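When the chains are written out, they are named A, B, C and D in that same order, and each has its own residue count from 1.
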Amino acid sequence: MFFASDNTSGVPQQILDALGRANDGFSLGYGADTLMERVRDKVRTVFEAPEAAVYLVATGTAANSLALATHIQPWQTIYCHRVAHIEEDECAAPEFFAGGAKLTLIDGAHGKIDPEALRRTLDEAPQGVHHVQRGIVSLTNLTERGARYSVAEVAQIAAAARAHGLPVHLDGARFANAIAAEGCTPAEMTWKAGVDVLSFGGTKNGLMGVEAVVLFDPSRAWEFELRRKRGGHLFSKHRYLSAQMDAYLTDGLWMDLATRANAMAERLEAGLVAAGVRMVHPRGGNMLFVEFPLKAHQALRAAGAVYYDWPAPPPADAGADFPHQARLVASWSTTEAHVDGFVERLTAAL
Amino acid sequence: MFFASDNTSGVPQQILDALGRANDGFSLGYGADTLMERVRDKVRTVFEAPEAAVYLVATGTAANSLALATHIQPWQTIYCHRVAHIEEDECAAPEFFAGGAKLTLIDGAHGKIDPEALRRTLDEAPQGVHHVQRGIVSLTNLTERGARYSVAEVAQIAAAARAHGLPVHLDGARFANAIAAEGCTPAEMTWKAGVDVLSFGGTKNGLMGVEAVVLFDPSRAWEFELRRKRGGHLFSKHRYLSAQMDAYLTDGLWMDLATRANAMAERLEAGLVAAGVRMVHPRGGNMLFVEFPLKAHQALRAAGAVYYDWPAPPPADAGADFPHQARLVASWSTTEAHVDGFVERLTAAL
Amino acid sequence: MFFASDNTSGVPQQILDALGRANDGFSLGYGADTLMERVRDKVRTVFEAPEAAVYLVATGTAANSLALATHIQPWQTIYCHRVAHIEEDECAAPEFFAGGAKLTLIDGAHGKIDPEALRRTLDEAPQGVHHVQRGIVSLTNLTERGARYSVAEVAQIAAAARAHGLPVHLDGARFANAIAAEGCTPAEMTWKAGVDVLSFGGTKNGLMGVEAVVLFDPSRAWEFELRRKRGGHLFSKHRYLSAQMDAYLTDGLWMDLATRANAMAERLEAGLVAAGVRMVHPRGGNMLFVEFPLKAHQALRAAGAVYYDWPAPPPADAGADFPHQARLVASWSTTEAHVDGFVERLTAAL
Amino acid sequence: MFFASDNTSGVPQQILDALGRANDGFSLGYGADTLMERVRDKVRTVFEAPEAAVYLVATGTAANSLALATHIQPWQTIYCHRVAHIEEDECAAPEFFAGGAKLTLIDGAHGKIDPEALRRTLDEAPQGVHHVQRGIVSLTNLTERGARYSVAEVAQIAAAARAHGLPVHLDGARFANAIAAEGCTPAEMTWKAGVDVLSFGGTKNGLMGVEAVVLFDPSRAWEFELRRKRGGHLFSKHRYLSAQMDAYLTDGLWMDLATRANAMAERLEAGLVAAGVRMVHPRGGNMLFVEFPLKAHQALRAAGAVYYDWPAPPPADAGADFPHQARLVASWSTTEAHVDGFVERLTAAL
């Protein structure tokens, strides 16, 4: 009953096998390995983007920060949601990589940027020399609250950016989950909707620590490479990143993993709703934000269930019926037994 | 006959096995994995430093840059050798992480800082408000030219730094090779000789991409953690770094690997010297810088030998006897067959 | 009828005279001029702070950015009001000088930080490694909306900061106006209320471009000096800054200038209120934010009155009675004739 | 007998008068003053560069750092002389403003970049992703050792830069002295010789603290404006900078001042040489680097002469005939009496 985060799970056997295969012999370093050529081809095929520049890094913070820094100037601002990962969970890495740029926070329900609020903010941004300049719009799908932008909604955000000539970044730490749930193609969710640069997550969906950055417009590719190196994010034994991403994109593994995680979250949601639990945010993929009485929380914890209180632990004086809120994340390795056990315990406690 | 670099080799089976074992079940992320506790203990034991703070990152550039930035201010300078990795091969990552600090270059034979030159430079550095201030001294062992500082020589450099109250950083990308060749303890080469912070390399010596940063004085540990996160170098699935380093430090694997690499370099050197090849720098561990006639180079390349021309490719009009220079690096996976084959080809060509 | 800003006025004759006197002969540069010693003494006397470190720079942006950067780390955040000058009008200079730090915006009426909102934000700020750390609290008096913190209110803000061990910065671009209106001593408004570092404005109150930074705790003085130099803000012919600040602090000139500006704003307010104009924010010193019908605005502009529409120009289709808002700033050089002429025109137009 | 530096002198009466005139009435701030239009026109006329973008800042460090940062990326390097002001005397301001860029030092006699050394360094600079990339070439005229590049020599340096597509920056803190001595036009020394951006010094030649940055290619003008603001170098009461530069460029004042300073240095040189003093560097304008016996130094100091020991104070045990070296700088305000008095004292002491 481990629902703390999708990054607390391991990796599937295919990934271990791929590492084993990649380990044979000598290989040129720093991205010149032959596996990386295959990865590049596969990413381009998956995204129907034959010109895209594709790079691997090991963390989502690196992917986001390098992608953003490559598209803005230090005196510009990044428009993102108030609860975006780049705002709340990266210790100001985007500001660091972008040389002191700013983040401008936009509101919106369920972690989704409200397009009208974005439009208004962009329209009203003063552009004189005293003010930070408009830089880029960054959105996250799935959002930090587990919701999902539809393709049309991504396009709406991108159109607001485009109206001011701004590029669009998509933080896709859970991109696979979003695609799997939305039932669209990767191209539809990205460049066809107006996205210029994607952090294409692998780590939360079954890799050890591999994210791809996909630059649909390759004109800044060399700058990205220099920023990656300078940030300490270019791996000498790069083949071990390549091997994982290669296996991830083989025979649809990445979609299978995300589909399984989503299905487990759906099953969990169904069980919880049947038990009368309130969903705080609509489920977009593999994450649930739920509200249930404190007594249920206590029973679950006593039974060894692991998940985050969200947004906060219960007050010290909260009673048994206090409406406690929590975050539950399913991953590719979540099983029906985990889910059903969790639902049973909770139902029993109510 | 692959002598391009020690980072072109794979990892030993123990490392793959460790990854497989670490893969089971759920694990807290971001360094809170239980394996990391074991790694911390082992590093402290290996270095006889029970108070040391220990962190893992995935690249040498990250290790060096974060270690240095944690010890200096942006208006200070890092004293290092003119050919140090941090000066020549990191695309100004130290300057980036340290917020615009400077590197002050010191000369010395074979990539080793001349202690007298360092002393003079430090003594003469103007310290008024117009000038960058003295920050830290960074040395590399093995050096970029394959030479080795003895323990006494490290202590001499550290004493020069200490005379001005400066901390000392040791870039130990090939620390294991240096220790194995020097026959000293890790403590003797580091804190006992005056080193404050160590980049303890694993990647070049058989890991996929893991380096430890060891802060012998743990007072800046929290700053290091924040800088690591902010640099995008904190891994969510941290257990895969821990597992590798844990295996590396188990049953002396790290020393075995380095000893083997050194032995292969020694065997190669013996064969080459016997064939009349000149050593450009004295061998300190697993790297050779050699000079042989161009005709030998051509024969070796034709036979599939891989290594770097160093410092430069031969001129277009060079004749068969042109004294060509090259770098040859042995790794843990270099075999006697590789070495002997190389020597035979070369001998035959002369 | 020029009410655009207090920085559009010139300097009083005393300042010109002081420059003339300072011009004689040779003088050591970079702050080693003898006039600077006098300035330091005077500032310390005025603030009853015999240990304070005192530095001069030429712009408010430099004063604020250097003062802030000297007190925080790049991974920390500056708490300030949503409309603070450092947030809205300095093109991310604080972020630049502080190496990529963040600003966290607090709301509150009339440009004043709501102490309860600040307390809550500070209490709830997550302090793990993923998050920016609490750095400093910066408040502005007079605020950007012309209101004034009382001494007790400054102390309240400072106490909230102190509860978390944070230092406090006061942006005093209009400090003299605040002091003059509040009727307190400079010490009462600053270190006695818990302020650690002050941007002590001169430019808006009659100097050509001189601001003092006062570090009540001098322990970071040398760091400030290095940051000032490195920012290009250390003047070689420093005597011309010293001379202005010296004259400013002689015979209470600085208070006389501010008192006059405040009196003109008060007279303007009285006239406007009598004419039925609404004050958008309470007047704290020399700035008014007013609302009057568009027809009055049009008449005033036709008569040559200069001031800023605030927050925005009237819509294109606004009618004669549209409630237009504007900012009116009095300075030391504003005359009764300016004020009365403005009031007359407006009254006539209504 | 004050020869410490040209920035220890005051300003001529014309500058004080200009400030007095500029002081009347209200004026828009931040460079929108009408005087600045005149300055822009005058600079363009003086440089025969009708398209040039022209900006004022208050310090040479600001001018250099902003000019350089506007032309390079953080992962590039600035090629300059080993003793350039940007390397030795700006506390790493260029590195700060350029986001962590590097300086690559070139040797050459008398502070002048050796063109052959520059060419070689540029040709051999590795351009892979591991290395800082070529950014800009910066030269200083007069040099920090008082020597002068001829127009042909500037063109030679610029040609070496151009061969690699690099822009060229000229640090002209003593540009007027160089022009006056060289007898060429400002255009010949700058854009006609291949210079892209000039720090056009005023402070050392009679202004209180005003330098112009001239961008001969105006395509980066807006970036420069944003960097200036963000660096805290945009003055609200900008008219006081404009007024000084306007007067400086009126009726050839700037050339008169430089010509006078050069003439005083020439007179001093003649007197010293006649007394047997050795010139350490050839005089290019208003600076002398000289060597005379310690006894002369002691006599001069006893008589109140002020100048810098250069490069260092005499050793404690130096005898009366120790060949002491010093720097002597003449300014617009140096008089024949100063010069002759100095020469007399020295001659008497020998």
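Just so we're on the same page, a contact is a pair of C-beta atoms (placed from the backbone, for glycine too) under 8 Å apart; a residue touches a chain by one contact, two chains touch by 3 or more.
Just so it is clear, the model here is predicted, and its values are computed rather than measured.
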item: C-alpha-based rotation, subunit C on subunit D, 0 to 180 degrees, nearest 5; value: 180
item: Farthest-lying chain, centroid of Cα atoms versus that of subunit B; value: C
item: B-D compared against A-D, more contacting pairs; value: B-D
item: Chain centre separation in whole Å, for subunit B relative to subunit A (CA means); value: 34
item: Centre distance in Å when subunit B and subunit D are each reduced to the mean of their C-alpha atoms; value: 42
item: Distance between chain centroids, defined by C-alpha means - subunit A, subunit D (Å); value: 52
item: Where subunit B touches two or more other chains, by residue; value: 74-75, 90-92, 96, 99, 129-130, 226, 229-230, 234
item: Chain-level touch network, classified as line, ring, star, complete or other; value: complete
item: Touch list for subunit A against partner subunit D, complex; value: 30, 73-75, 99, 129-130, 133, 223, 225-230, 234
item: Residues of subunit D that touch subunit B when the two form their complex; value: 74-75, 77, 88-92, 95-96, 98-103, 129-132
item: Subunit A to subunit B touching residues, read off their complex; value: 2, 4-5, 7-11, 16, 19-20, 22-29, 57-62, 65-66, 90-93, 96-97, 203-204, 208-209, 226, 229-237, 240, 306, 333
